[in-house]
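After this come two complexes, each holding chain A, first together with chain B and then together with chain C.
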Partner chain A sequence: MDVPPPFATVRDLRVELTRPGRDSRAQQVLKGISLDIRPGEVVGLVGQSGSGKSILGLTLLGALPERSRPAVTGEVRVGGVDVLTASPKTMRQLRREKLGVVFQDPMTSLNPTMRIGAQMVEATGSRQLAIDLLARVGVPEPAARMNVFPHQLSGGLRQRVMIAMAVAGKPALIIADEPTTALDVTVQKQVLDLLAELRAELACSVLMVTHDLGVAGEIADRIVVMRDGEIVESGGVAAILTRPQHEYTQRLIASRISLESDRTRPLPMFEPSGEPEDDELVERIEAETYPVWRPAPGAAPAVTVRSLTKTFAQSRSTTLRALDGVSFEIGAGESVAIVGESGSGKSTILRIVAGLETADRGSVVTLAVAGRPQMVFQDAGASLTPWMRVGELLAERLSVEGVPAREHRERIERALDVVGLDRSVLRIRSRELSGGQRQRVALARAAIVPPAILLCDEPTSALDAWMAANIINLLRHLRHEVGMSMMFVTHDLSVARLIADRILVMRRGVIVEQGAAEEIIAHPREQYTKDLVGAVPDPVFAERAA
Partner chain B sequence: MLRFLARRFVSLLVVLLALSLVLFLLQSLSPTDAVHMMLGENASAAQVAHMRHELGLDQPLYVQYVRYLGEVLHGDLGISYQTRKPVSADLAQFVPATLELGAAGMVLAIVMGTLFAVSSLAVARWAHLLTGVYRNLILALAAAPPFLLGLLGLILFYKEWGVLPASGRIDDQSFSGPTGFMLVDTLAAGRPDLFGNALQHLLLPALAIAIGPSLVIGRVFASSLRGTLDFDYVRTAMAKGLTEGQIVRRHVIRNASNPVLSLVGLQIGAMFAGTLVVENIFGWPGLGQYMSRAIGTNDFPVISAVTLILGAGYVVVNTVVEIVQAGLDPRLRLAA
Partner chain C sequence: MSPSATLPERLPFRVTLAGLGQRDWPSWLGIALFLAVFLTGVLAPVLAPYDPVQPVGTPYAAPGQFGFVLGTDTIGRDVLSRTLYGIGATVPLALAVVAIGILCGGIIGTVAGILRGWVDNVLMRVADLFLALPVPLVAIAIVAALGGGTGHLLFGISLVWWPYFARIVRGEVVSLAARPHVEAARMAGVPAWRIALRHIVPGIIPTLVVLASLDVGAATLMISALSFLGLGTPQPMPELGSDAAKNVGALLQAWWIPVIPGIGVFFVTITANLAGSGARNLLGK
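And then the complex of A and B:
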């Protein structure tokens, strides 16, 4: 039997980038990568952020950022073209005729000042073809949508448009760089299904770049695991997911948050690229077990929410009812997750409890004896003021809560201990901290005066698997040590299950279902909840069951 | 878009009204007494009282304001204490000169700013070691005040090399046209020779007011271009197989130009301020000269009228800028 030659071949690829601005030292981002992509094959390229996986994708495209003054050695052949030496004209032709690209964030990868139609036609060459393609990728009323601007579409629709542009030239290879990371779980599933369908239709290859083993497992034939610019392991999906050979892959799989992660134990932690060898906190956390929460008899609830209603004006004539009479309580020390798609109203509740938004009707009562409610944002580390020293950031919160200055030192040191940071960070400005340290400081600040409730707004959704596992562990550790109540908003049921004792499922401004976390996942009653459960990509489980 | 335009228009009116109110209050608070200025120091008390009544100055302030507003709307800006002519008649003579200078300065500033932006990107790309030198050079030029640049221009181009005239709008003093814009009038009269001459007169003063703003515009434009080139949609465009030219024309320029436009609007103010000085250096018969004479003699109707005209021009230009920006970026229409 003849094996067709690979469509793309990478041999001993080394890439050095000099990022402008910083200390301007050249950094080796890819350290000798060799990879084949066969015709029709779907390759899942998995790694943490900073592993070089996106740079590999850009190299295949011949699109390394010129500002970083890339120095490239090795060999890269795509569709018979030597990418490293080809003329700009040849590269343009290659991109137009044989390659399609889908980037991560559909909001920023479409031109905001150009109508969808004009952007489509750039790829298709004809208006009719553009409309047909939009219809094919599931954009409703495609002809009308040609005339709108990107910001007038939802995230899922924008990504469909992006995919339509990628497949316009009937490409032989689609490079998809984290195409679903910015999307809700349910939308993620639809987009993955669409990609799989199109791949079958076009019989093209796909390079799926992702930090999520689950996503790679859903769609790929073969998985390639990268770390620090090197390939550590590659093989068939089943082999990698069920019998990973390399220790790094094993840890990636173990730290993956799934519907069957152990709820009583922390997630396995492992070092991200470039973080210092970790400290005793990891050992402390790894020794922890989390007992089932039971309400203390006679304790007042931490938060009582009564018939919250909130309406937003969408335009002059239409309004959106974000919350429609929502009531619930969160017990002292309890952790509750609110789960739903974008637009379900879950973030609005959070913002009202935090005092960032006022309700039209209804009431929120929080425990008066504790500190004010604190927020943990999507990117917790980014919520620190970059030029302030860690000590100042922590003291600021203490002053606001009225803690006398003579107690500051002791409280600050205790907070640092809880998150396992050395006293020496107190004099460091937050922009000089590593990503992991920043997360810890943000959490230390939130917990330094135990708040009536800790409000978490999708703190894992923008992070790769390592960072997500890290912050979930930290949150559970904090709860364990400080005993706070938590309210956790997420679209991902597997995260909700780990962090919460109880789950509220929201849809269109009302709570459609609620119950103990395990119960909701195991026996969802509403179709909507069942869809949410089904959307969690869980190929490891599927492979083992098969 | 229509709603957007309506809103911009209403807020334009509100700002203009506020401007007129401020000017009116300044006028009535001014220590210079209008009646004394008109009648001279030796007028009798009866004459003064009569004049006060005549001018309506004995009426409540809000009545005076409403009347002032009515007069302004009818084009009546009062009588100059000094020339004893209606201020509006003087303005008709001086405004075109200043407008011509200002417009030429603005066009030059935009063109030169674009060149600076493109060249600084080119320097960063092809000779990045020189980037710092280039940036400091530009910074030094941007810090030079217009009068210094004007004097320098005079010394070099007039005194040393004798290639450009030193003052006035045109050599042939007898020439005049219907619009008051020399470049337009000379062309309309079919006199290319005079057009060239007017252009020569215009060049130095326009350059003097344009250099500062052009460097500011150039710097912002360059950083805006750099930022836009980093956007994902530029990568998307490249992935479609578009040429570099197509990418820049269709995807970069439009998205990069919005912050620059805001700046152009704001720089108009700096340019007006520049014309007041530069017109004196180059003997340019415009608002600047008119204004500096008025300031010297406490000619308040003139000061107030010129301020009103310049202020209104500033507000109108910035409103136009906002409308153009909304035309370029659909998201701004929503935000308004």
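And then the complex of A and C:
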């Protein structure tokens, strides 16, 4: 059989970037990458943040950021053009005729001041073609949507528009950089399906850059695993997912949160490059087992929520009923996940219980003997005031709860021990901490005075696989050590299953289904729940089953 | 950059102090030039070859004549010495105007941004009122009403200078208050005054530094303009604006007498602006 020549070839690519800022030394972010993308092939480029995977995508586009003063050696040929030496004009032509790009957040790559229609017509050349294309990528009422601005569309629709623009020129290669990371699981599933369909229709190649092995496994033919600017392993999807050769790939797969993860044991942890080693806590966590939670007889519930109703005004005439009489209880020491798509009302409940929002009707009663409810934010690190020192942040929380100053030192040290941080971080400003340290400090602050309930807002959705496994382990460790009640809001059932004893499924402001976590996943009754379960990308499971 | 009616609610860039470590030589050069001019003015008593107030030579000596580097004025005082002392009088005054503006505007903007509601409305409408008036005219009117002199000049200009800072600081405070770390502090039960002082205000300081440094040049121009109109430090004390004005009649016979103080204003303003852009480049991202 004749093998067609690759559409894109990368040979011994080395890229050095100088990031503007305090530390302005050149850093080698790609260290000798060689890669072929054959016509019609979907390559999943997988790695953690900072592995250089996005830089590789940008190099193929000839779009490395000028301000980082890139120094590039090696060879990059895309569609017969030598990208590293081509003139700007040739590159523009190449991008226009042969390449399509989809970025993580279409809000930043679509022009916010132009109507969708005008941007689509720029890409397609005619209004009719633009409407047809929008219809093709599954935008409902495409003719009407031509007249709206990007911010008026939902995240999923914006990503569809972005994909429509990417494929407008019938590209030979689509470079998709984390195209589904900012989306709900169900929307992610739809977008991945769309990409797969378009690829079959256009017979184009796709370079899918992602931190999620599950996403790569869903649509790729071949997976390339990157770490620290190098390719550690590459091969067919089935081979990589079921028989990974390199130790790093094995750990990536093991730490992936899936519907199969062991609920009684912590996720395997490993240190990504650049994070300080903390073997002591990792060892302690790895020795833990998490027993099934049983309600203590006679204990008062940690939180009682009674017929909460909340309506938001959307415009002068229309309102949105975010919550429509929601009632539930969370037992002392119980962990409950509220699951649903965006707009289901799950975040509104969380913000009401947190006291950041007030309900129109209904009541929230929390256990009076414990500290006020605390929250772990979507991006735990961003919840630390950047210029404040860790010691001050922790002491502040103690003073607020009326802990006498002489006990502060001991309480703070105990909290640091629980999250495995050294005393020396107390004097460090939180903006100088690493991402992993920030997570730990945020958790220490939330738990230093055990709260009536610990609220978690999509604790993993903004994180790559390593950071997600890390925070889940920390949260379970915290519950193990401090014994708090917890309430999670997430759209990801695999996360919910791992951290919650009980799952509440929400849709349009009402709880449509609830039950023990395993039960809900194994035997969902509602179609909506079935869709949520089906949307979790779980190719490892699928490969093994096949 | 003088206050105008079409002010941005927020700066188009984010600012942090982290940028101070950058080796961005052109930006540092701008800052260094302004510091040099500032020091030249402050050290005038050491650097000036002659007494600035006493006649020391033949009137109308051209630059270079009789050893007077920049010549002498209509009554024989050394122009170089007067200009150096003039810079020494003008630059600290400009810095004081900006400092007072930043302080008042900063406090008013922070209070408005944190309390919101009617307090915000009242304070910002007052700021708008000031911004709607032609700033130089109001300043002139105030100083003219109070009478000239350094203190009145400072008061008059500062009074019209703060609303500009207040608007921008308020915008920054409002946007910081919506950030997760402030919500986290609220959830932690931190009292409102402490949230303001520890969790919000330190975040706007880099912005204030940039705003202030971009404004020193404009303040210099305004002070020199009022002083040109005879509303500043009274003669015979050296002052760049009034020196230029007093001798403008001599322009045709002895151009250097009014022009050199003018060049002094030009140097102060342009180096202040270079320093301001430098600070913005270093701190903004």
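Observations on the model:
Operating definition for what follows: the second predicted complex is superposed on the first by the 546 of 546 C-alpha atoms of A that agree within 3 Å, B and C clash if a C-alpha of one lies under 4 Å from a C-alpha of the other, contacts with A are read in each partner's own complex, and residues count from 1 in each chain.
Basically, a residue touches a chain if its C-beta (ideal position, glycine included) is under 8 Å from a C-beta of that chain, and two chains touch if they have at least 3 such contacts.
Not measured: the values here are computed from a predicted model.
Partners chain B and chain C clash in the overlay (superposition on chain A). Contact with chain B, but none with chain C, is seen for A:101 once the two complexes are overlaid on the shared chain.
Of the two partner chains placed around the shared chain by superposition, chain B is the only one that A:111 touches, whereas chain C remains out of contact. When the two complexes are overlaid on their common chain A, residue A:63 makes contact with chain B while staying clear of chain C. Of the two partner chains placed by the overlay, only chain B lies in contact with A:165; chain C stays clear of it.
Looking at the shared chain after the overlay, A:396 reaches chain C, while chain B stays out of its contact range.
With both structures placed on the common chain, the touch criterion links A:75 to neither chain B nor chain C. Those residues of chain B lying in contact with chain A across their complex are 125, 229-233, 235-244, 250-251, 254-255, 328-331, 334. Taken in their complex, chain A has these residues touching chain B: 61, 63, 65-67, 88, 92-97, 99-101, 103-105, 108-114, 122-123, 149, 151, 162, 165-166, 169. Contact residues on chain C toward chain A in their complex (touch as defined above): 18-19, 21-23, 179-191, 194, 198-199, 202-203, 285. On the chain A side of its complex with chain C, the touching residues are 20-24, 354-356, 372-375, 377-379, 382-388, 392, 396-397, 400-401, 431, 442, 445.
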